[in-house]
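Naming follows writing order (A, B and C), and every chain is counted from residue 1.
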Amino acid sequence: MDCALDIFFLEAVLNGLLLAGLLALLALGLNLVFGVIDVVWICYAELVMVGMYAIFHFHKVVGLPLPVAMALGILVVAVAGVILHAVVIRPVLDTPPINQLLVTGGVLFFLQAAATMAFGVEFKNIGVQLGSVSFADMYFSWNRILTFVVALAIVLVLWQFLRRTFVGTAIRAVSQDRQIMPLMGVDTRQIYLITSAIGGGLAGLAATLMVLQFDIYPQIGLQFGPLVFMICVLGGLGSMVGGFVAAFIIAQFITIGGSCFATEWGYAVAFLFFMVIIFIRPQGLFGGKV
Amino acid sequence: MLELTGINAGYGQFQALFGVSMRVEAGEAVAVIGANGAGKTTLLRVISGLLPASAGAMSMEGTDLRRTPPHRIIETGIAHVPESRRLFPRLSVEENLRMGAFVKPARARFAERLDYVYGLFPRLAERRNQLAGTMSGGEQQMCAIGRALMSGPKLVLLDEPSMGLAPVIVTQVFDLVRRIRSEGYTVLIVEQNVAQVLKVVDRAYLIEVGRVDRSGPAAELLASDDIRRAYMGL
Amino acid sequence: MTKPRLNPGYVIGLAVMIAFPFAVNVLFPSSQKYYLHLAVQILLWAFIYTGWSLMGRFGLTSLGHGAFTGVGAYVTVLLWNYSGLTPLLGIPIAVILAAGLGVVVGYPCFRQRITGHYFALLTLALTEFVRLCIVGLRDLTGGSLGTQPQRHGDGLSLYAVQFEPDRMLAYFIALAVWLAGLYVWWRVDRSMDRYALDAASQDEDAAASVGIDVTREKLKITALSAAMCAFGGAMFGQYQMYIGPDTIAGLGVSLNMVFAVIAGGMFVMLGPTFGAFFTQMLAEVLRVAIQGSETLKAWLGSSALALDTAIYGLLLIFFIIYMPKGILGTALDWLEKRKPGS
């Protein structure tokens, strides 16, 4: 290994920490849906892609100010989450779990194709650069710092929501015992819709941060989708703390691996690490529930 | 208060209840007794909407229960403490109680109801932050009853409250039942422990293979020889 | 019980398939290459999908088979390009490596009883891992641009297992490969292993309690399934004379396998084949329709490229919700019901 413990290594570690913020935010919505409805949205990254295009459209085509475009983007994906659940997931809720995963795979193909038809295959960019900050000869982009802070804030807000409100408590309760929810006066279908809306909203939120860092193109979901699933499973499905820790670990593999070797090797080692851990601890690092 | 007429119900091809009729008046405590698999639990599941009835009529204070969606039945004043308690194991005691007060009218009076339940069961107040799944069986039963009371019900359905508990705890559980009676709740209780439950209630229905076999005042049934022989091993 | 050799339908079908290239020669002599190319692609994918369905039908929904086709194609080509090793040996090596990889990943999975979502996501990670390795080894593999087997002479060679210029030959090779795949499926369907796996996919504990070594049975079927996919991947590379990480490995390939099999029907012998036919023809018909119609072209513009995928996606959703047994499976059920006395 030709990268010693020098300043570049430290920079990579810190950048990994910041990348972890984004990955953790991405994993958060998926984790919630996974934990509560017990369904894997394999098209989750494509929902983020839809959000990115929505923001691009509202900002660059319609000409709305960026914050408004972002708010609308979040709304669009939240609604998409609700539609996804009501139209696609609900009919297969009582079939083998793998069907639910696969049906959202059909949505993945559809969304990618729909995005290609609507926006073409060219890379799009909203053209906002936040610049970077230098500190002790190390460079960090403001985007990543902002993402990290927002991710942290969102986790805290979501945590409070799940702990302190009636609906939040019901969301956690559903994941523990679906059948008796009617006895509590809870309409499970409604809780699922709310959860899907929150899951979609979190994907939309991730999209607002991603448009600041990345170009938009129809296949962008395939770039980070598998990574996000891996983080969810590695952290322990439904465990938000686990998701954060897993995001941190994976991000370190990627940035350190990427700065020492080529980017792919960082990713490849991360996937290998994931498989080995799951072989040893199938329930993930923090197996438990919300 | 609660009135059932000719209720049929079952699971798929299997019919579990055949034309069951019964009524519970306000302020009464009524038991449903019978052998294992006679359809007692099914009866409670039908009343609280977990299982749809296939025929018959069912009303609570004039509200047609068969036309009420399951999650709205609690709003008619029926609270169901299900078989084997069914607490949310990874929620704290207080969070379980909060789930009991989920419906809108109860939410508004949450703090008041919580104080009331904690006053009734101080043990729950001590354990408010403990995960429900880590408590003893008796405490869990207490929590399950507390959760049902959080909605401010008129009628409490209790399904086998003594099941799976040690004999000492069983006595305590029947004390709990007496206490909620004395708080003015109407109680419909399903029990296998016939000798004990008949001492707590006013009236009882005996169910055999999905049909009401006989009914009457608890004292009368308690004195009946064939019931003593069949269900109390005397 | 299916006995394909005794069923007159199968005999006629086979005769039609043997006659097909000659008929094409007579009827469409000018576009013979195009039709045979389509047929070869369908047959090779049908073989690969049949390989996948060996596992899929027992509840082992793998998103990792893109890894096996990738290993099959890349190991074969790299051995040929860099060591001059004939694919006659290279393909068996690649197949054994893929089967080994399947066992290495399968063993801990089955021991730990990783099933359902977890199995799908874990095998998805395997796909990604193999794809990333291919891209990462870009000095050998050409990275994301892919690479080609070095052409041997005029491109027709038994030694190099290259047959692309002669479409007629390619067709019969693909036909033989596909028939071999069906034979494997049929053998598995008739074997005791199938009953063991059926039992295990219903209830693992119950299966284990009647003396079935669940892990062993699953490993056997995994190795077989991986081997078939690797062989199919290798043959596909040899035919296309090009391999790329996204065309023969990767998540897209894995997902296509799963979906084509679901669309066709996972539980009947010709289901995967029908799925291959259906998905390939859907893309092709839409492409031709759009190319051929000026109105459609003007209306859709460049986005027409994605129309087939959009329809494909919608159909998948439809199939999983309303026809979980696939087109062929549903059709056979329907025929069965109409048949009097059965």
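Rule of thumb we're sticking to: contacts are C-beta pairs under 8 Å (C-beta built on N, C-alpha and C of every residue); 3 or more make two chains touch, one makes a residue touch a chain.
Treat the numbers as computed from the prediction; the structure is a model and nothing was measured.
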Chain occupying the middle, per Cα centroid: A
Of all other chains, the one whose Cα centre sits farthest from chain A: B
For chain A paired with chain B, centre-to-centre distance based on mean C-alpha positions, whole Å: 43
Inter-centroid spacing, chain C versus chain B (mean Cα positions, whole Å): 56
For chain A paired with chain C, centre-to-centre distance based on mean C-alpha positions, whole Å: 31
Touching two or more other chains - residues of chain A: none
Chain A-touching residues of chain C, taken from the complex the two chains share: 59, 61, 105, 108-109, 112-114, 116-118, 120-122, 124-126, 128-129, 132-133, 135-136, 251-252, 255, 258-259, 262, 300, 302-310, 312-321, 324
Parts of chain A lying in touch with chain B, wherever the complex brings them together: 163, 166, 169-170, 172-173, 176-177, 179-188, 288-289
Chain B residues within the chain A interface of the complex: 48-50, 69-75, 79-80, 82, 86, 88-91, 95, 98-103, 106-107, 151
Residue ranges of chain A in contact with chain C within the complex: 34, 40, 88, 91-92, 95-99, 101-103, 105-114, 116-118, 120-121, 218, 222, 226, 229-230, 233, 261-262, 264-265, 267-268, 271-272, 274-275, 278-279, 282
